[in-house]
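Shared between the two complexes below is chain A, which pairs with chain B and chain C, respectively.
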Partner chain A sequence: MNEEQSDEKISSHTSSNSSFPPILAVTGGKGGTGKTLIATNLAVTFSKNNFKVLLVDCDVENPNSYILLGKKLDDESVESQSIDIFVPKFNKNACVKCGDCQKACYRHAILQFPDHFPSVMPHLCSGCEVCQKICSYNAIDSSYRPIGKKYYYPQTYEGLDLLVGELTPSEALSAHIVEHLIDEVQKPEIYSKYDLIIFDSAPGAHCDVEKILNASDMVISITEPTPFGEHDLNRILELLEIIDKNSYFIINRANLTKEGEDLSKRLSSYESIEYLGSVDVDKTLMEDYALGEPFSLDPRTFPAKTQFLEIFEQIQEILTEEFLKTKKSSNENLKKQKIREGDK
Partner chain B sequence: MSNPLKIAVPSTSDEGLKAISTTRFGRCPYFTIVTLQNGEIESVSVIQNQGSNAMGGAGPVAVQSIAEEGVNAILGANYGPNAANALKQANIRMYSTLSQDNPKVKDLVTAYLNNQLEEISGATNPGHHRL
Partner chain C sequence: MVSGKSESDSKSKLFTVTVISGKGGVGKTSITSSLAFMLAKQNHSIIVADADVDAANLAILFRPLENNAFDQNKTVRTVQTTEKAEFLPEKCIHCKQCIDQNFCSFDALSWDEQNKIPIVDTIACEGCRACHLLCPTHAFKIASVNSGTITSFQTDYDFPLISGETILGSQTSGKMVTELRKVAESRAQEEKRKLLLMDGPPGIGCPVLAAVTGVDFVILVTEPTTAALHDVKRAISIVSSFNIPFGIIINKRDMNPEMYNKMTEYFNQKGWEILGSFPLNERWPYAIVNQQPIVKFLEDDKISHEFEKISQKLWQKQLDLIS
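What follows is the complex of A and B.
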């Protein structure tokens, strides 16, 4: 990436107090707790309340938020673009077969046999560019290979655009796709269009999730009242402690077990996390889910929708109250993110 | 009179021809390298496999180390896709193992000299590679 450009990006939102929107991340550790369900329904409800919203599907190994919005990525309004990473290209006119690149490659992606030119095994290459940097003969040119795609789907609903990151199956560099999505929303031509950005995170507490939470102003964890839900939520809480962020949480399928109430009581004693409410198991919600329709847009009245809308009101209030503050911290987060990237 | 042929056998110890072979190519602890001349064993040496402790890319590292020894053929292993690809680039021919359990290096070399080992053209098992 061009460093000058990224510096400019940062200063453009620090100096002018410009309209960088708050970023809300939906996460939770365990898979299947309803992260995407809550993220998509928050997104449509905010857009219904006249917010211009960008929903970013950061679960790049299984990006399926569009299904819960009842949409297809082959829609003609969708723009798709390949996401590429560096891979070395050896210039045989300049290469002296010294073997330095082979020795420097920490992934062992470069082969160089006696009297042969070096070659690369692209699947092992992480795109770190060390080979190019250490080559004394400038014999390594930049080439790029695709590892995934991004899809930009405008107006999935009125006021709601969707950005999806997708890692090609069998590729290992999911964090690279996530970084690309974070960079994308930092572009003025993107963020200036929105009042709110929602990141839908992957399950787990790994570096993809860490990057997303780090770049966010408000984190909402979705859990379920099972030992698995609590265990994995605790992993997210550990991660949040490491990156020094607070989180709110929602219990989904709260009446699934008797332990649900105990769980919320237990979690409410945690200092680092604040309870927003719970959503019960609800047949109407399940019907909408199975049809791929956001349940919050269902005209019927049913308990889970009422519970969700109460949670929504709270989130909207927090965002509105904190809006100026979050704008500032959002800039700080992006700066932090940039510094981290600079460290690498 | 042909050129000497160097063959490598993935081995569990450094005991030369007596060592028990292993089908693990990328992460075997040793390679026993046997030099053949006119169908006879001329000399035997042992190298440690640098791939055995590699964080990733063990197959390519192993290929790199035997290629630097001038090896022409490898016997008795299973080959992952990265290893097979690298071996081909290094012009090192791949041969199968014997059906008996835990053959010794000598058993494999004898079988090779008697044309009892099958030459393999590509990967025999899926990769273990993860970034």
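What follows is the complex of A and C.
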């Protein structure tokens, strides 16, 4: 993608309103490195520091953020809404059985036998609307089918709202749900409520992840000190290069092997990525994880928490310097202070 | 997305097993590597494929010790499973219909005000052909693009490994998995191999659907945490909807003993087969660092025995199917 395009993408959510909050994305490539763990703990710690935070769970195939926050989506304060996509509905009064729609369908989702009306196989349809757009007889109406849900969970913790996207099992169009979430946070009535938006991404480096990173201002990659972690993080770095974004990284379970230090050195030699710190394997953290309690709120002092809070301080500083003109301080109405630095 | 396996079904008797988990990082690749190692050690004729085409890691554990030999027996093929729109400026009459009439449902078209032409975002483009079909002057064409590579090589353990990797931004993981399966199936046919063991992607999306469609058995790997249980249930709902038999492996079982008991009770109650379980082992990650199948590196009798037991069960399922 060239620069012009990436600028355009960014401006789509920044130029319209100068008070758009910064978006921080948590990603990493490999599954199970601690993306959701870090994203949820960042979210609660920022909200504890008087930021109004929206955490968006964009791992729509397996959304786990609410579990790590110890919450359930059947809570009565949760609003859920179906996410639907277009599917053609053939109007038999207008259709002349010409077969153009079937020929135009790149997913081969339209079935049509000679001299018969066309029909659609919904699971193959990507909702591209090509059939409707090319039909010369206006014989295709719009119908919609659900492929997932979104859940809005206000005040999950004080100052922290949660938006969860969830793909219905057996559906393939996860990217559509991710897009829906991105569109959602770009609505003024949503984003104007927040000082910070955090995206928790899916593992991998596919289109869902690409869309999230593209829509973000700051990207934090979580990895682990194994060749698996490094290999998959390298894929994320390549992706970030394509979409022209820099990234920060955290090594989680840094003492899992003796490679942690070497890995941080190796990765730090890349120009496009900056080391924020590491979090060790920690028994207390695991206890909290099992209980669904964010470890950063645990009143006890333990190594992983100390390490995490140091990383948090750095992130807060970067966000403040890069995106928020005035330093965040406690007990003030931060929304008024928040002004995006310049217009990209 | 759907693999065309049915045709070769009757001829080959290839038994295909896919390992998935829902949640990432629970040990799919580690366990797949060890099952492959064990099956080969038991002299079974197998072939192994890495269908986690967005984060392909299995080859890391089977990298042959002699790198020269690796390069010699390795074949890499580029696959084109994706089509993308390409703008043809010479045909454009700057009417801007493509933008004004929303040709693109995937937000892949934007307008360059300065030059009065559209810009195609090739990552966002789905190749749906809308712009190509609707532009009054045919200023868009649809062209195949490289979507990834499929690498085949003989490991040091008596079986070949087929590994796929997508080109970033090509938006084609599901189709890549289908391509990869074709390559693995045809090599299995050539070499008369009996069992295809596939390491699947995390999640439950398009590539997972492509990796489990039409297979004979699915192994679900999980760990005793609420998140992993939630995710594995979602994965099982897909496998069940396809009517594919499956079994569960619980990894890191002593991570949370209480949860482990709850989990096994739940699985038993559902009548879901538990193939085996593994304890946490702090040397496990070092097998990955040393690029070896876990069971080989650990040389731990109990762990070896458990893998042996699971491999035997798998092979028995293969025998049951062909008889």
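Here is the rule we go by: the second predicted complex is superposed on the first by the 305 of 344 C-alpha atoms of A that agree within 3 Å, B and C clash if a C-alpha of one lies under 4 Å from a C-alpha of the other, contacts with A are read in each partner's own complex, and residues count from 1 in each chain.
We take it that a residue touches a chain if its C-beta (ideal position, glycine included) is under 8 Å from a C-beta of that chain, and two chains touch if they have at least 3 such contacts.
Note that this is a predicted model, so its numbers are computed, not measured.
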| item | value |
| --- | --- |
| Touching partner for A:I242 - first (chain B), second (chain C), both, neither | second |
| First, second, both or neither for A:A172, with chain B first and chain C second | both |
| Chain B versus chain C as contact partner of A:A109, first or second or both or neither | first |
| Larger contact residue set on chain A - chain B or chain C | C |
| First (chain B), second (chain C), both or neither touched by A:N41 | neither |
| Touching partner for A:T27 - first (chain B), second (chain C), both, neither | neither |
| Touching partner for A:S126 - first (chain B), second (chain C), both, neither | both |
| Footprint overlap on chain A, where chain B in one structure and chain C in the other make contact | 106-107, 124, 126, 172-173 |
| Parts of chain A lying in touch with chain B, wherever the complex brings them together | 102, 106-109, 111-114, 116, 119, 121, 123-124, 126, 172-173 |
| Interfacial residue positions of chain B with respect to chain A in the complex | 51, 54-58, 60-61, 63-64, 67-68, 70, 82, 85-86, 89-90, 129-131 |
| Contact footprint of chain A on chain C as seen in their complex | 1, 22-26, 29, 54-57, 60, 83, 103, 105-107, 110, 112, 119, 121-124, 126-130, 133-134, 166, 168-169, 171, 173-174, 201-209, 225-227, 230-231, 234-235, 237-238, 241, 255-256, 259, 285-286, 288-289, 291 |
| Complex interface listing, chain A residues touching chain C | 1, 4-5, 8-9, 29-33, 36, 59, 61-62, 64, 67-68, 86, 104, 106-107, 124, 126-130, 133-134, 167, 169-170, 172-175, 179, 202-208, 210-211, 214, 224-228, 231-232, 235, 238-239, 242-243, 256-257, 259, 286, 289-290, 292 |
